[in-house]
Amino acid sequence: MEILVQQIVSGLATGGIYGSVALALVMIYQATDVVNYAQGEMAMFSTYLAWTMINAGLPYWVAFFGTLLVSFAGGVLIERVVIRPVEGKPILTIVIVCIGLLVIFNSLAGWIYSYIQKPFPSPFPERPIMLGVVVFGAHDLGAIGVTLIVLAFLYAFFRYTTLGLAMRAAAQNPASSRLCGIRVGWMLAIGWGLAAMVGAVAGMMVAPIVFLDPNMMAGILIYAFASATLGGFTSPGGAVVGGLIVGVLENIAGTYISFIGTELKLTVALAVILVVLVFKPSGLFGRAAVHRV
Amino acid sequence: MRQRSWMFVLLAILALAGIVPAGAADMPGITASEIKIGHTNPYSGNASAYGTIGKVEAAYFKMINEQGGINGRKINFVSYDDGYSPPKTVEMVRKLVEQDQVAFVFNTLGTPTNTAIHKYMNQQKIPHLFVATGATKWGDPEHFPWTMGWQPTYQAEAKIYAAYVMKNVPNAKIGILYQNDDYGKDYLKGFKDGLAKANAAKAIVLEQSYETTDPTVDSQVVNLKNSGANVFFNITIPKYAAQAIKKAHDIGWKPLHLLNNVSASVGTVLKPAGFEASKDLITTQYLKDPTDPEWKNDAGYKEWLAFMKKYYPDGNVEDAFNVYGYTAAQGLVHVLKQCGNDLSRENVMKQAANIKDLSLPMLLPGIKVNTGPKDFYPIEQEQLVKFDGERWVRFGETYDASKH
Amino acid sequence: MSGRARLVAVLALLAGAAVLPLFVSNFRLFQFTQVATYAIALLGLNMLTGYNGQISLGHGAFYALGAYTAAIMIDRWSLPYALTLPAAGLLCLVAGFLFGIPALRLEGLYLALATFALALAVPQILKYFEDWTGGSQGIVLSKPKAPWGLPLNPDQWLYFVTLAVMLVLFVLARNLLAGRTGRAIVAIRDNATAAQAMGINTALYKSLTFGVSAAYTGVAGALSALTIAFVAPDTFNVFLSITFLVGIVVGGLASISGAILGGFFIQFVPNWAQDISKAAPWAIYGVFLILTMYVMPFGIAGTVRLLVARRRRRAETARAATAPRAGTAKAG
């Protein structure tokens, strides 16, 4: 029982990480209709910026918000400069450009900061919280909290602000939005900016746990995709819940199903996702796509 | 007439395609002024942390060349990126051998990558020297006379830990975390062999593996703690080693913690994990840790530091890989000097298998490089060390795998 | 290009490929063998993604299945290597078909993700069945020697084998895609509902395309096992599947020649990138990739096709422009 609880807690902690990156993925998909394969590497790069600021002596929260600002600007810039030329081109062309971005960011980070992993500070207390025999990491709890706050912000933004509504309209129906006077191009750019910002938050929450290195996001991105798929690519809340489910599921399968063990735990998580996809392609919380003939 | 001129063209082409390489075949890669050496390393992809080894070696050879080279010959070090992917290694090594015509191949990195070229190098009879991996299979002169290892093998190292546990922990209950690949399994095998020798195979209570795609090893560490283990053998690469050390500390698990040498770097593992969490870790070493204050005034360390500053200023002076590459390059330079003017492949291999008690500046005191016609394991001595919260402290005597 | 011009170009290329071993070193030949191998795999993926509109990020899995089929047959069962190619093809055909059935329910992004999951699972599964696959140690093979006393070394022999296999598979694919089946496959991509309304069994066609596509990639995998003479789980990581996708998009979607061009790209461009910069080879590669997409958003083959079409159109307008003048001249 003790093991079970501890495994669930530890699964929720890693699941929180998956959820936060998944949230960024869903975010950009919602705002631009593109799955950004470079999302993880952009988040990693943002985290390096934060690291540089902290190392230069800035207080954590100054660096934190500074990084968000720079990441937002960077996201907008990338959309305007890199993605713009292939806008409206076949979807796979955009995918390849994203893959190009992925390898560029990875390589640049290694070149500038070297491949050695670096410790990254957490804003939360270091002492773990003990509840009976179960140990909660303060950072793990804090990271889940931060992810939920980001989620709440996004929800409010897309629901209640004019800009948010305009962005949703631009992504869903660019032609009509343009007729309503929405500047669709800029909406997409802002979408990229916001996604870069959400990614930066995720990166800064992930780095204290997995340490900062240029390949930090590779493994996580895979799980983030799984989480977003499970929760539904159209549902930000679903992405976070999906992350938590994947985290817990993976730990429990790895611990209790002996033929799986730790060797096949990723495989099991993937199999579950395949099953979900087959029976409910839009994910657990997503909207089903409707086709017009 | 016309037909004959076509024949002539064809013959000329055949001659160009066939004979030109053959003409230079007696000592490929060697001229009066140059020794051409091939190397592969991951400069891109997941394993690019190792890339610095290739860079530090290139820097070292540059220094040697500035100092006049070896017997008047400059070293031309050709290093290619293989991204740690075996097919790419095959391609790059064939390029080195067949196109660049290197004299031999040195310190190629990785177990799967070297396995992919193992047979090729031996069929072509080209020295495959000082491979950068600790698998046991590189020291097999009977079947693979052209391949030689460099560092202590993973199995030999694991046996040291097994012996240590048997001697010092009476009721050992051992939990193991290992990377699910040949590197992790090699350590696991050595450790189990060591325990079996003492009839203690049952002391292992739980084995947990991880994949390099796993974001964290938290779940595994939690399971290991709950298994009731009082000994933790940590077979992980730097990233996961730091995570496991930190996680074990966070959940209040305080076993006898044995860490593989692969991740013994203070600068890149223990510092990120936290010095408090790292206290009382045990590992083995054969190189001087560049962050250890003990070596601050050591001649070998000072020489290395001066070299780094001058020839590889971008390199990180806390990174133990930069010591590793430096030392391997020095080993090679020793072999080449010993070859004198006969740089044929046969003689390079013969001299590589004839190193006697060589001390190198960044090897720990007392550790020497030795090879022989039947001994293709250059470094076989290791030293147990314990982390006192600031640095590794040597204890016990130097352990020699060749004598066990 | 007219039909005859194209035929001449293809024959010239083939003749060039056939005499290539006379001119280049064994190492270059080995690289060209890899290009041909990739081309087969890319053609397979292109059938599925380019022609049928099903995006797969998991074809590395079928490449691995083919490679391991060959390795296990040769190493564990001592079967002749010639048998491994049809075996790998058949096995992947069945595996692809079976995977294609649940994939029917998935579209676009979701299919991409499901296949991505497949690619991810491969290395773990390969390690798990250690008795068969040799686990993480992999399986070391020997290169097949030329039979019947042919005066060819193993590199040359494998080059010709690969070239021949590629030729056969390309001709088959061309015939398949140019005919009824091909039109059905493309119709499903362009409008599945309309295709169904016209009486095309979309489910069957889609799963079959998946199967054939996987079979091509599987044969390529088997060939790669023979050329590299080594298989290991590390080879078949996610990046391999992504590389295949890069290959078909850069080469040109829904294009047979695009598969060959893509093969050249994924074989040689990373090498050029590291010749330019060893400090950050991937950054150079990434920039190259993005620039290629800017200049040729429809891939190399797509751009060539566009240029040819434009030229033809210009020629036609020119002809159309001169025609009336001729008329007026007559009237005048």
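Each chain gets a letter, A, B and C, in the order it is written, and its residues are counted from 1.
In this section, a contact is a pair of C-beta atoms (placed from the backbone, for glycine too) under 8 Å apart; a residue touches a chain by one contact, two chains touch by 3 or more.
Predicted, not measured: the structure shown is a model, and the values here were computed from it.
**Student:** Quick check: more C-beta contact pairs in B-C or A-C?
**Tutor:** A-C
**Student:** From the centre of chain A, which other chain's Cα mean sits the farthest off?
**Tutor:** Between chain A and every other chain, the largest centroid distance is to B.
**Student:** As a quick test, compute the distance in whole Å between the mean CA positions of chain B and chain C.
**Tutor:** Roughly 37 Å, centre to centre.
**Student:** Could you give the separation in Å between the centres of chain A and chain C, each centre being the mean of its C-alpha atoms?
**Tutor:** About 32 Å, centre to centre.
**Student:** Multi-chain contacts in chain C: which residues touch at least two other chains?
**Tutor:** 120, 124, 127, 279, 281-282, 285
**Student:** Residues of chain B that touch two or more other chains: which are they?
**Tutor:** Residues 44, 180, 211, 213 of chain B each touch two or more of the other chains.
**Student:** What residues in chain A touch two or more of the other chains?
**Tutor:** 103, 107, 110, 222, 263, 266
**Student:** Which positions of chain A touch chain C when the two form their complex?
**Tutor:** 29, 35, 82, 85-86, 89-93, 95-97, 99-104, 106-108, 110-111, 222, 225-226, 229, 233, 263-264, 266-267, 270-271, 273-274, 277-278, 281-282, 289, 291, 293
**Student:** Hey, which residues of chain C end up touching chain A in the complex?
**Tutor:** Checking each residue of chain C against chain A gives 49, 55, 102, 105-110, 112-114, 116-118, 120-121, 124-125, 127-128, 193-194, 238, 242, 245-246, 249-250, 253, 279-290, 293-294, 297-298.
**Student:** Across the complex, what residues on chain B touch chain A?
**Tutor:** Against chain A, chain B makes touches at 44, 46, 48-49, 51-52, 180, 208-216, 218-220, 222-223, 226, 238-239, 242-243, 250-252, 267-268, 271-274, 316, 318-319.
**Student:** Give the list of chain B residues in touch with chain C in this complex.
**Tutor:** The touching residues are 13-14, 17, 21, 43-45, 55, 79-81, 84-87, 90-91, 94-95, 97-99, 112, 115-116, 118-120, 180-182, 185, 211, 213.
**Student:** Across the complex, what residues on chain A touch chain B?
**Tutor:** 2-3, 6-7, 10-11, 13-14, 17-18, 103, 107, 110, 114-119, 128, 135, 137, 206, 209-211, 213-215, 218-220, 222-223, 250-251, 254-255, 261-263, 266
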